[in-house]
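Letters A, B and C name the chains as they come in the text, with residue numbers starting at 1 for each one.
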Amino acid sequence: MTFSDDRPTMIEFKDVHKYYGDYHALRGINGTIKAGEFFSLLGPSGCGKTTLLRTIAGFEDISSGVVMIDGKDAAGMPANVRPTNMVFQSYAIFPHMSVAENVGFGLRKDPRSKEEKAKAVAEALEMVGLKGYGNRAAHALSGGQRQRVALARALILKPKVLLLDEPLSALDKKMREHMQVELIKLQRQVGITFILVTHDQEEALVMSDRIAVMFEGEIAQLADPETLYRRPATRKVADFIGTMNFIPAEILSEAGDKVEVDAKGLGRVALDISQAPAKTGETPVVGLRPETLTLLYDDQKPTERETDGVIDEVIYFGDMTYYDVYLGGTDVEVRLSMRNVPGRPVLDVGTKVRVAWSPSALVLFR
Amino acid sequence: MAQTPSSEARAGLKLISPTAIYVILLLAVPLATVLLYSVLTGGRGTVGLPLTGENYAELWSKPVYGYIMLKSLLVALTVTAITVLLAYPVAYFVSFHVKPERKSLWLFLITIPFWTSYIIRVSLWFVILGYGGVLDSTLASIGLPPLNVASYSILSIIIVLAHAYAPFAVLPIFVSLEKVDRSLLEAGQDLGESRWVTFLRVTLPLSMPGVIAATLIVFIPTVGDYVTPELVGDGKEPMIANLIETQLLKLRNFAQGSAFAVASMLMVGVVSLIFVLLNRRFIGGQK
Amino acid sequence: MKKAPLLRSYTLFYLLFLYGPIILLPIFAFNDSRVVAFPLQGFTLQWFGEMAADQNLRNAAWNSLIIALSVATLSTVLGIFAARASVRYRFPGKVPVMGLIMLPLVLPEMIVAMALLVVLLSIQIPLSLFTVILGQVLICTPFAVAILTSAFQSLDKSLEEAALDLGETPWSTFRLIILPLVMPGIMASFLICFTISFDEFIIANFLGSGQPILSVYIFGQFRFPAKVPSMLALGTVLVLFSIILLGFAEYMRRRGIAKAGGKDSGGFL
């Protein structure tokens, strides 16, 4: 999950706006996507992520701003000449053609001989694990197979950027997880930029080098998955990605690179300025991921801080148990997750517990 | 394709323009002309100024026009009622009691007669119902007196029209029955209703849009039918279309004929609107 | 499926009512009597011979064929423009324009014919086969638009975008992707417009003054009892012709669905 930032820029957005009539779909998008990067546009439906992807493909005009593709301004460049290819959400497999005709569709004007093109098609099919499927009718394929055909069809043109519009949303859970891994491998193999649109935060975290989280036509945060998870820039991003407990807090002092807060149920905590992203003007809260809280058993000593609590709810997941715990005699309830280990029983509702936590796991939103 | 709304509008307008220009020149302009003629002063084969309400006053004052309009309306409504009532059970049968893969075959069978020459079908009835025709000769051969249906012009017009437009009614009713969620019927019976009551309380109301559509589809062409009164009714019982022909072509009274055409369009429009509003009520009532 | 014997027999009876007169066609077309009445008099091909020898009828049939082919072509082309525009684009005035195009479906045909006739007479355009074609195209275009609209609607928009994305121009996308996929709809539209035009009477009668056209000719001949048997022979041929055409249209439609990998969900209307 590391990405060296010295690669050249492939896509650049400069203050991109898009209006549909009165509707402001993209509200000043800025950012760069690097060559060879696996990049995700993540957000709830209607946040503009698909619109942004389609401006790269050339299916949407932008109202103002600049989209640069491989150093060239894309304005006025129609979809059929852009060095990008797309895998559609519906896969858009041409139903009146065979698998091979679908995959070789973009080679129509290619000057190579028929045999060479057939070889290229066969190679592309092999690459996506559909060796020998060339003569099948396209409409007889399963969902997973259609997706592979769509991938082969886009990759055979050796684009500089592959655009994927929710490519896994039509697949069942098992198949989706399988394809996530395959897509990562494929991206490493071909080495080109992949831009994935998804509303599934888990999918984005698993697959991407970097992720742009979008809400209401704006990029709320652009970062690598770990930063996004551990240091979300806003409460909204934190809420969208994974689960986070939000605890009301009061800011006591702010000096240099230290911020001291009083979090309800946790007490006074000194935070590093890196734990407090830029102000957004909301009521101050501190955020804590469930897995950064631990229940202490009789013999255990806390490594850092410790707070008393009472279990309010127990949710058993097999490998994990989630506990909802009231902190330190307050009405602040946090969710924490514990791995189920043999010899350590699942606790009951009403049990008094000690909760260990680390100040460095806190994020302050204010 | 990359499109701002205005370029999309341009592309759409450009694409539809051949068809739009065609219907504007050959449909909108002629209809407007008829509307204009209806308020002009007419002579034989000519129209001219001044503008006048005379043509409409004439329609109002001479009972024969009102009689023909009313007769056409009643014939068309009777035909429509018969056609829709006869068609409903057929549509119901195909929708509820025919295996899904056989449905299109049944519909095909029902619609074939519609696609065979209308003139021939109507003319055949002329041969069947006519004096000494198939019906009467058959009756005679089993020793019954002739019915001589053709001499009852209006009755024979109704029979022939009801036959000619029968397949029109089945399709829309079938389509609306197909849309009825089958689990609603199970729910109806599960809630203790008999099959018949379930039909009355669930299926029938849900299929009303189809019934109304069928009504319109049959009513409009029957009220304006020209061939049947001419051929089967032997021209003795003219309907709207025949009167328009008489005014415009035989008397060459363009102004009067146009006024009558406009009046009959208005009548058809009003009756259709009533059906459509009934439909709205049904759909609205289901919310 | 639940058994419903009563409904089933009713439906069969209804079909008999629908087909009754048509079944009489071949019966009396081969009946060796000029009087169309029971009992039957024996088998003859005389009426078919009379029909084939009738020069006026042959002219009328030829004219009808020319009209029907022209009308089917024109209506389908106009239908493609309108259906494609209405499915694919939003533009100002779409509702009134589409309403005007579909209007002949809800106007008595006589009104359409008379309105057009009044204008043609006023600007002194002589009536001919051409004016019949102009009028019938108005009647057939709504059917073409209805059929083609459903064909265009079943087309996934991303198929088009995919072709553009893979390097095709808008025009080659239309040729390589859209046209083949809506071809069954185009065929069905053509066949149905052909059938409607071939049978159409009112416009043929009033806008084709004097020209022999099949439906007008049939209408005229039934008034002469001596001509009725050969008309029945002609009717037999026409019904057979219609059934073959419709069977072909239905076959095309099913093949289209199979090609697109869809499921059959009813008739072509």
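Here is the rule we use: contacts are C-beta pairs under 8 Å (C-beta built on N, C-alpha and C of every residue); 3 or more make two chains touch, one makes a residue touch a chain.
From a predicted model like this one, the values you see are computed outputs, not experimental measurements.
Closest chain to the protein centre (all Cα atoms averaged), using per-chain Cα means: C.
Top-ranked chain pair, ordered by C-beta pairs in contact, is B-C.
Centre-to-centre separation between chain A and chain B, using Cα means, comes to 59 Å.
Per-chain Cα centroids separate chain B from chain C by 18 Å. One simple way to say how far apart two chains are is to compare their mean CA positions; for chain A and chain C this gives 56 Å. Counting partners per residue, chain A has 58-59, 78-79 as the residues that reach two or more other chains. Counting partner chains per residue, chain C has residues 164 touching two or more of them. Multi-chain contact residues, meaning those touching two or more other chains, occur in chain B at positions 1, 5. Residues 156, 158-159, 161-169, 176-177, 180-181, 259-261 of chain C are the ones touching chain A in the complex. Interface residues of chain A facing chain C in the complex, by the touch rule stated above, are 57-59, 78-81, 84-86, 88-90, 92, 94-96, 105-106, 108-109, 137-140, 153-154, 157. In the complex of the two chains, the chain C residues touching chain B come out as 1-4, 7-8, 10-11, 14-15, 17-19, 21-22, 24-25, 28, 35-39, 77-79, 81-82, 84-86, 88-94, 97, 100-101, 103-104, 106-112, 114-119, 121-122, 134-135, 137-138, 141, 145, 164, 170, 195, 198-199, 201-202, 206, 215, 218-219, 222, 228, 231-232, 234-235, 238-239, 242-243, 246, 250, 264, 266-267, 269. The touching residues of chain B, when paired with chain C in their complex, are 1, 5, 8-13, 15-20, 22-24, 26-31, 33-34, 37, 86-87, 89-90, 92-94, 96-99, 101, 103-104, 107-113, 115-121, 123-128, 132-134, 136-138, 141, 163, 166-167, 171, 175, 178, 216, 220-221, 223-227, 231, 240-241, 244-245, 248-249, 254, 257-258, 261, 264-265, 268, 272.
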